[in-house]
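Chain naming follows the written order as A, B, C and D, and within any one chain the residues start at number 1.
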Amino acid sequence: MAEKKRELSGVLTPMVTPFKNDRVLFHGLIANVEKMNETGLAGYFVLGTNGEYKSLSVDERFQVLRTVVKYRAKGKGVMAGMGFESTKETIDMVLRAAGEGADMASLLMPHFFAKKMTPEVLAGYITDVADASPIPVVLYNNPSVASAVTIRPDLIDRVKEHPNVIGIKDSSSETYKQNLDAAKGKMCVLAGSAGYFLDLLKAGGNGGVLSLANVYPDACAKLYTLFREGKMQEAEALNASLVALNKEVSGSFGVAGVKAAMDLSGFCGGDPRKPLLPLSTEQLATLKASLGRSAFAQ
Amino acid sequence: MAEKKRELSGVLTPMVTPFKNDRVLFHGLIANVEKMNETGLAGYFVLGTNGEYKSLSVDERFQVLRTVVKYRAKGKGVMAGMGFESTKETIDMVLRAAGEGADMASLLMPHFFAKKMTPEVLAGYITDVADASPIPVVLYNNPSVASAVTIRPDLIDRVKEHPNVIGIKDSSSETYKQNLDAAKGKMCVLAGSAGYFLDLLKAGGNGGVLSLANVYPDACAKLYTLFREGKMQEAEALNASLVALNKEVSGSFGVAGVKAAMDLSGFCGGDPRKPLLPLSTEQLATLKASLGRSAFAQ
Amino acid sequence: MAEKKRELSGVLTPMVTPFKNDRVLFHGLIANVEKMNETGLAGYFVLGTNGEYKSLSVDERFQVLRTVVKYRAKGKGVMAGMGFESTKETIDMVLRAAGEGADMASLLMPHFFAKKMTPEVLAGYITDVADASPIPVVLYNNPSVASAVTIRPDLIDRVKEHPNVIGIKDSSSETYKQNLDAAKGKMCVLAGSAGYFLDLLKAGGNGGVLSLANVYPDACAKLYTLFREGKMQEAEALNASLVALNKEVSGSFGVAGVKAAMDLSGFCGGDPRKPLLPLSTEQLATLKASLGRSAFAQ
Amino acid sequence: MAEKKRELSGVLTPMVTPFKNDRVLFHGLIANVEKMNETGLAGYFVLGTNGEYKSLSVDERFQVLRTVVKYRAKGKGVMAGMGFESTKETIDMVLRAAGEGADMASLLMPHFFAKKMTPEVLAGYITDVADASPIPVVLYNNPSVASAVTIRPDLIDRVKEHPNVIGIKDSSSETYKQNLDAAKGKMCVLAGSAGYFLDLLKAGGNGGVLSLANVYPDACAKLYTLFREGKMQEAEALNASLVALNKEVSGSFGVAGVKAAMDLSGFCGGDPRKPLLPLSTEQLATLKASLGRSAFAQ
């Protein structure tokens, strides 16, 4: 790891934004943070895909960020999703996020003009933002929501020496290994899914941003601890459950599934914001059965 | 066409937003509008793909809209690009656009959660916005910038009877014909490219939103007039030139190409906003040669 | 009638504000205006009790007003409900309404400090507003929504000579007769309900603001014409139907009933805004039966 | 008290908004806060009935709130009166109040459509707001300004388990006892008047929001302390004086009386906002005599 870079490790929850009638349920959000404060989570990632950040107005995004910053327990970090299409707006918003108390900013790559987003162009974008930002920057690789714009080793090589680019959160099962190789020693790497979280740790990665941590924060945090303590047998067993659950919750149903599972587990998931739909009655029954079968059922 | 629906026809220019050092050149924008006011264009489409709307802050978008509304000549319509990811924000912004004097709102389909954007979901989105909007709504089909979310006949059938959904601007050469068939008699159809503008008119379409009209507004407007007057031979000849030019400008180089061609033709194109790059010296030379070869060279 | 006062007569519709998911359906509002434009209505009263004006933000109120002003047919007046609790805010808002094109302002009496709203105090309020207003002022007597603050002859006597106080809309069946006597020759008087609209006309009144005109604008306008043409037998017959219907729609179910009846009659009623509830399934069935029995059933 | 609920106790001042020529005297407001900061008050209730909140524009309300938040001493809470007629506007405004630093929001029940405000409807309103609010919510029962809409045990039972509904401020001498019984152990209860403040404390209540604290903050705070310390004889004696004074100030003259008494006691009361009138010369003389007779006369 480059000498001065801030380390990034452990499990962060990609916080959902609970809605009812298209309004943010701030009390529910606070209740979620307060419960998660009691767990071994390393912190919170707000305004990401699970947070439906593109469905929030800019003012709403900062209300959400401000709320999580205010209620998070001491020692828990807050990473704010701040990927906008233009360099200028990204920098303006990262500055505002820093002012609101975010510890780090996560950058989804610009993708509206996807074909023009070459590694050179993206490296320029990342460098401009990292230069201007008062808080460390974490790359966010998620081709499935970014019109297939993908962060690969050729891009990582261009930016990994930048002292303010401290990590990458990789939500692609196809790239995380090569990106881990490219980043090693220069940038932290976080798994963007429980599906390969343990695999990434074993390969030398640093942590994970796991949608499942919205539902099972303790289990997700425990998996990280077991790994760090070298209790690999227990870790593998727990991991098997989490991988299966992750497929049934987030894999099958996306954000709406994560939210429904939260509502079934004592958290406040709420509805997705329209036009995204909540689970149908049938989907909800399937989800309930999945959760009931799981090792975490009470 | 359904009795009370507002008609939409002729050529609209998808206005570029000129930048310099990442700042909007409002004086250049005004100059463009004033020149185009002297042509046979039907109006202006602001805040679309060519306008790099996703690279503007929300406030900047309304500054641009307000400027075009203020300077457009009497009789020229203004359509505002207002596609946001959530139903709520789209409605809020359409209301604001109506208050600023936009005559119509264009809706790019939500696409951040592309896999969930089924025809049912999109029909709900469109209907909710059209119900709430004080100005008519025009669908905008552009899968290339919308993570492949595509408007097809099954969606058109769901919304075409709505009295406030008056048209579709189709920027996909693969779907415009079937969408024209589906929409016929219920919604106007505009070509999103000079590449198939005349073909669409011949098939019964109503007009076009042509990036080339930023560079050659007179020629684009003339093509429409020739078609309406039944001068098909002249129309075909002019069309051939425009199709070729369109390929060399917008086709090869995208928004940056359109902007460079404008600068070469007496308009103010300006730079794209970062991270999108302006043409390289080589690309610029190629473009210059293309324009020089064209029938419109001075 | 005092020499210079603007006259106020005929039937005005107290426009509802249609909502869906707590958002204003502006397209529905426009459709309502366009349909009513084809009738013999004298104009529109926006932002009154039926318009749920207190459930709208101030900005929303002016969006509604602006919309009705823009779409109303030539010759149809627009009266804007502008009763606020303080003299200052009422004047500020009346000025804004005049700027948006309202022809008249209607003043519900301040009532938050109901016990202090003596005739002297209210006369001061009315006079201050009328002095400052560029548009004529119409008093609005509606003790049922104004904490029992009631306009009576002693108040009318204090303000009726003011050249900018041109009328009163009386929504109280208990006071309209004495108020008519007090106002006669000095201020126009409009019935605030179909329940005593014809009675008021016969007693020398000038017109009505009838919630039923949202559902049956033609019939309401016709009643006024019949009366003016002296066709009293026809007028009485029509009146009997309207009085009965009014009791079953507005009387039993209030604004929610008016809105549901509109939806059943080809207008856009939409939902009330929360916490006000739409009709229950049972109530809706009762309403349907009432409308079906009526002389206006198709 | 439910485990996680924030407690609410002691005496809060329902801050008046001083006016002169219908303008807010912000300097006077600041002076009042600074004096009260030196007393044993628990905090400030801004934008309530004594604050004439319905006579302020929305922007003025937030200017007042911001001012009190800025100048209040550390440890003194700020509760903001945020009851609007619609669920939507209430939530929008509560979010804005939280952003301005309010610690709690107080909700006067919607009452424009008083007859429709059943316990079910009001429970829905309260729950929707509490879910969406980032700050705790306190119910405000004041039928005398709310068109007789009254909070009773049947409503309290519906909302008292909500973790974000932390209390009720009861300004009705007729209901506070039954409401206290219903709320006990689940919600804090504050007396809305000095008339029954001590009685409520003795019955297990938690504090009071006393208009008299605008004039005699020390005495009001001392009464609470005496009670807490079990010095009941002293408490009863002080209470007798306060009850009598309260009748003569607020009871006889309302907000105008409180303001005049403040001006006579070294605070800045200022005028009420028109059309509400200041005391007449005679009333002022009566008030002066009352204050002079009191135990607190200097």
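Worth a mention:
As a convention for this text, contacts are C-beta pairs under 8 Å (C-beta built on N, C-alpha and C of every residue); 3 or more make two chains touch, one makes a residue touch a chain.
Nothing here was measured: the structure is a model prediction, and the numbers come from that model.
Touching subunit A and subunit B at once are the following chains: C.
The angle of the rotation superposing subunit B on subunit C, based on CA atoms and rounded to the nearest 5, is 110 degrees. Farthest from subunit B, judged by the mean position of CA atoms in each chain, is D.
The pairing of subunit A with subunit D is characterised as different-residue: of all residue numbers used at this interface, under half are used by both copies. Put simply, the C-alpha centre of subunit A and that of subunit D have 43 angstrom between them. Centre-to-centre separation of subunit A and subunit C, using mean CA positions: 54 Å. Rounded to a whole number, the gap between the C-alpha centres of subunit B and subunit D is 56 angstrom.
In subunit D, the positions touching at least two other chains are 88, 128. Taken chain by chain, the contacts fit none of the simple shapes, being neither an open path, a ring, a star, nor a full set of pairwise contacts.
Every pair of chains in contact is given here: A-B, A-C, A-D, B-C, C-D. Of all the residues in subunit B, the ones that touch subunit C in their complex are 4, 88, 91, 95, 98-99, 128, 130-134, 163-164.
Listed in rising order, the residues of subunit B touching subunit A in the complex are 22, 49, 52, 54-58, 85-89, 92, 110-117, 121-122, 124-125, 128, 144-145, 147-148, 254-256, 273-277. Per the touch definition, subunit C reaches subunit A in the complex via residues 21-22. Across the interface of their complex, subunit B is touched by residues 20-21, 23-31, 34, 63, 66-67 of subunit C.
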